[in-house]
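Note that chain A is present in both complexes that follow, paired respectively with chain B and with chain C.
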Partner chain A sequence: MRGYASFLAARMRVLLQYRAAALAGFGTQLFWGLIRVMIFEAFYRSSTAAQPMTMDEVRSYIWLGQAMLILVMWGPDTDLRDMIRTGGVAYELLRPLDVYWVWFTRCLAQRTIPLLFRAVPMFLVAGLFLGLQAPPSPGSAVAWLGATLAAILMSAAFATLISLSLLWTISGEGMCRILPVVCWVLSGLIVPLPLYPDWAQHVIMALPFRGLADTPFRLYIGHIPASESVPAIAHQLVWTSAMVVIGRLMLARGLRRVVVQGG
Partner chain B sequence: MVETLHLYCRYIGVSVRGQMQYRASFVLMSIGQLFATGMEFLGIWALFYRFGSLVGWSLPEIALFYGMIHCAFAFADGFGRGFDVFPSMVKSGDFDRLLVRPRSTVFQVAARDLQLMRVGRLAQGLLVLLWAVGALGITWTVPLVGLLLAAIAGAACFFVGLFVLQATLSFWTIETLEICNTLTYGGVETAEFPLSIYRTWFRWFFTLVVPLACANYYPGLAILGRPDPCGAPAFISWLAPLCGPLFLGASMLVWRAGVRHYTSTGS
Partner chain C sequence: MAAVTVEDLVKTFRVAERQPGTLGALRGVVRRRHRTVHALEGVSFELQPGELVGYIGPNGAGKSTTVKILSGILVPDSGRCEVLGRIPWRERVANARDIGVVFGQRTQLWWDLPVVESFELLRDIYAVPHERFRAARAELVELLDIGPLMDTPVRQLSLGQRMRCDLVASLLHSPKMLYLDEPTIGLDAVSKLAVREFIRRLNRERGVTIILTTHDMDDIEALCSRVIVIGSGRILSDGPLEALRARVTTERRLIVDLADGAGPFESVGAEVVMREGARVHLRFDPARVSAPELIARITNGNAIRDLIVENPPIEEVIARLYGEADR
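Coming up: the complex of A and B.
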């Protein structure tokens, strides 16, 4: 366990160096959020029918999405890719630690630090000026925190799957592009999930992706009441475990056929 | 001129052959692009399914704006990729080498890279555009088709111009500025919808400061045969495609100033 902890700490220290990038990213996301808010306001102006969410809820949902964006934004882990390309991955296999959990920890650090950098200013700015509302009750806030932690774990499990796919396609960008997009659409970052057609709701709610964004967001705005938070978080954790199992199977298969390049 | 073109093809050939070394990855990436941008349209469809219309605009009308801007951006991103990755050249000092070669710097940077996988985005944009054209039932006349093609070409020039400006900035900053993406990628996102749905200050910004409105909004209005809900006169629609090349020309001038200002990082 200590081995993994030091991996996590070392990785986090590396990522702490990129503060300027985080600031620039913050500006970009503000802009993005503004566009999305304006688009939804226009849609809400167009229809007087009752919708599954109010515009105020959608506004909070969008800003939460901008704050937590990094959980559903996976670039290929370039260090890992270079390692696989140059053959450095052989060192990873020599360590007296389980490769899966080492890579999982890498991904976890990669999620957490940028998340903090982006989420905190976004909460401040969006909360003060742009209509992000506070959770309706302390219970909702607690449920949101729990679901957010689960979402971080889930995001790391997803990212690990993507890293593992590098063992097959060395440049790895194909997988790194397709999976995030599916997640974007089905996690609620493009359109809040309750606004999708009613007949699609059952499928969307059963799939794992909503655990990355929609579940914590709706707990936050109270769209899912705090009293129903246990099944919602359980849904996240069950899927996360499933992805860990799949990842371990992939790794076992991948290592059987791995050819270390370079010498 | 012919020789320059020949040289350009040679440059591009090298880039293409390089990308083809990872063929499986290339195919996956192109499909990924097609998929990625296509999913976005799915989101728009879902919103129309729920809300019926967007302040008076129908889904096929949005699809026209959407298809135009994505086609244009795919071209720009494919051909202007060299400018997109340019800051790393300044940082590493590689730009010095371009300065000693007997060709213009713009040419060399532009010819450095052609991103083939942009065909994914292009395919998606074309599909949406063709669907829009089919669903709208417009009587296509020669001037209208000409306007559509000119608008796409003009918008592509506009985006290349933005890439050039973004690259020029790095002469001063040495860094890649992610914030510039708000104008390029953010511009695409904005222009997927008619500009009239946005707030006034935002509309003015993208009309006067950054002439995104000329890329697809004004020409689109003429193609749809609709007056501008914000009251711009109709003839602007027909002049708008010219805006892209003008913008590109202006950004080339800024580029030249940047090159004059350039001092090597010395590494």
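Coming up: the complex of A and C.
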């Protein structure tokens, strides 16, 4: 365990250097958040039908989405890509560690640090000036925290799958262009999931993607009451475990065919 | 028990081939053409604990493939391989704890971290107890003289400095086996000598079993009593350096510095390889004419300033062996 923990800490220390990127990301996400809130306000004003969410709930949901966006934004891990391309990955295999968990750890660090950099200022700014409300009860806040941790794990497991696909594709560009778009739509980052038509709800609720964003957000605003948090978080954890299992199978296959280049 | 046993190891790779030109690329989309590369075709050898063996061969001969199989990174197609009683790819993690590997062309240190942090990370990864780690690090840092570099980020190190740090990194967990893949590549003369001296001491004083692959024949002459030569996936020769030399060629060199101009050498029983001013390089076969006899014949008709008898350079011996393999 100590090996993985140190690895995580070292990775995080490296990522702490990228503060300018975080600032730029924060600026962009603030801007897009304002636009999204305006769009939904326009929709809500022009519609008289009863909506499954109130405008206040939607506003908080959107700002949460802007704060946590990085969890559903995977670029190819360029370090890992270079390692696979140049054969430096050999050293990774020379360690007395399980390669899957090493890569998972990499991805976990890659999710957590940028998330902290972006989420904390976003909560401050949106909470003070832009209508992000506090959770309705302490229970909701606790449930949200739990679901957020689960979402981070899921995001890391997902990112690990993308990293593993590099063993086949080497570049990973294609994957990283297509996947986030699918995930944004299905996780609630474009339109909050409760606003989708009923026929789509069943499918979307069963798929893993809502665990990345929608589940923690709705627990936060109390749209899913704290009393129902256990099945919601269980849904996240079951899918996360499934991704871990799939990832391990992929890795076992990938390593058998891997040709460590050069040298 | 042998430290390493390799028996009849075979490894082939399938490499996708792109046909040239746009049309070829398009055809490649529909039907891929594959080429089979035979990296190893039945390699066998055995190492005793404490041996320092040179493992040499031309580029693409299968050296690195062998090392990668021994470290558990690659799975061979067939054949038997045991390192310290384990099958490396079956027990990759356990095997990794007992071996150290240095690939001269890459670094195992973390690019963005200071050297000292890379070392501490390795300590945790290999679960080295703190006491033992401190002792091992102090000793290695002293031996390779990298104390002043410890707080420098790896990306700022020169190649020689990096190589020394890499050597330390590979030994912090006190492995019993060490694979060195071109550890002196690109190093300046001083760093080369330091690395060589370190490898020698490591082997003599600590009894670490070492496999050294290199293209630098000076490394081999300075360090290895036994040399395994591999070419096109087969073992060409395995034994002491002198035996290798004797097998390939018995010839000797005689270098003569003449006091006055070039004399006739055609009838002395040796072949003139090269003339540079007053210096003449001769090649002769000691079975046909002994060195004293040859020297006597030469001094008979010429005024001589100096004489040197030497073995043909090891590069030439190896090149000849590679040449035989290609034929």
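Basically, the second predicted complex is superposed on the first by the 263 of 263 C-alpha atoms of A that agree within 3 Å, B and C clash if a C-alpha of one lies under 4 Å from a C-alpha of the other, contacts with A are read in each partner's own complex, and residues count from 1 in each chain.
In the analysis below, contacts are C-beta pairs under 8 Å (C-beta built on N, C-alpha and C of every residue); 3 or more make two chains touch, one makes a residue touch a chain.
This is a predicted model, so every value here is computed, not measured.
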item	value
Clash-or-fit label for the pair chain B, chain C on chain A	fit
Chain B versus chain C as contact partner of A:Glu228, first or second or both or neither	neither
Contacts of A:Ala5 with chain B and chain C, given as first, second, both or neither	second
Contacts of A:Val14 with chain B and chain C, given as first, second, both or neither	second
Which superposed partner A:Asp82 touches (first chain B, second chain C, both, neither)	neither
Chain A as apex of chain B and chain C, Cα-centre angle in degrees (nearest 10)	90
Partner chain in contact with A:Ala90 - chain B first, chain C second, else both or neither	second
Chain C versus chain B, contacts on chain A by residue	B
Overlay on chain A, chain C to chain B nearest C-alpha distance, Å	8
Touch list for chain C against partner chain A, complex	13, 64, 68, 71-75, 92-94, 96-97, 99, 101, 103, 105-106, 108, 110, 112-113, 117, 120-121, 124-127, 181
Residues of chain A that touch chain B when the two form their complex	20-21, 24-25, 27-28, 31-32, 34-35, 38-39, 42-47, 51, 169-178, 180-182, 184-185, 190-191, 195-197
Chain A partner contacts - residues on chain B that touch it in the complex	22, 24-25, 27-29, 31-33, 35-36, 39-40, 42-43, 46-47, 49-56, 175, 177-179, 181-182, 186, 189-190, 193, 197-199, 202
Contact footprint of chain C on chain A as seen in their complex	2-3, 5-7, 10, 13-14, 17, 86-88, 90-91, 93-98, 256, 259-260, 262-263
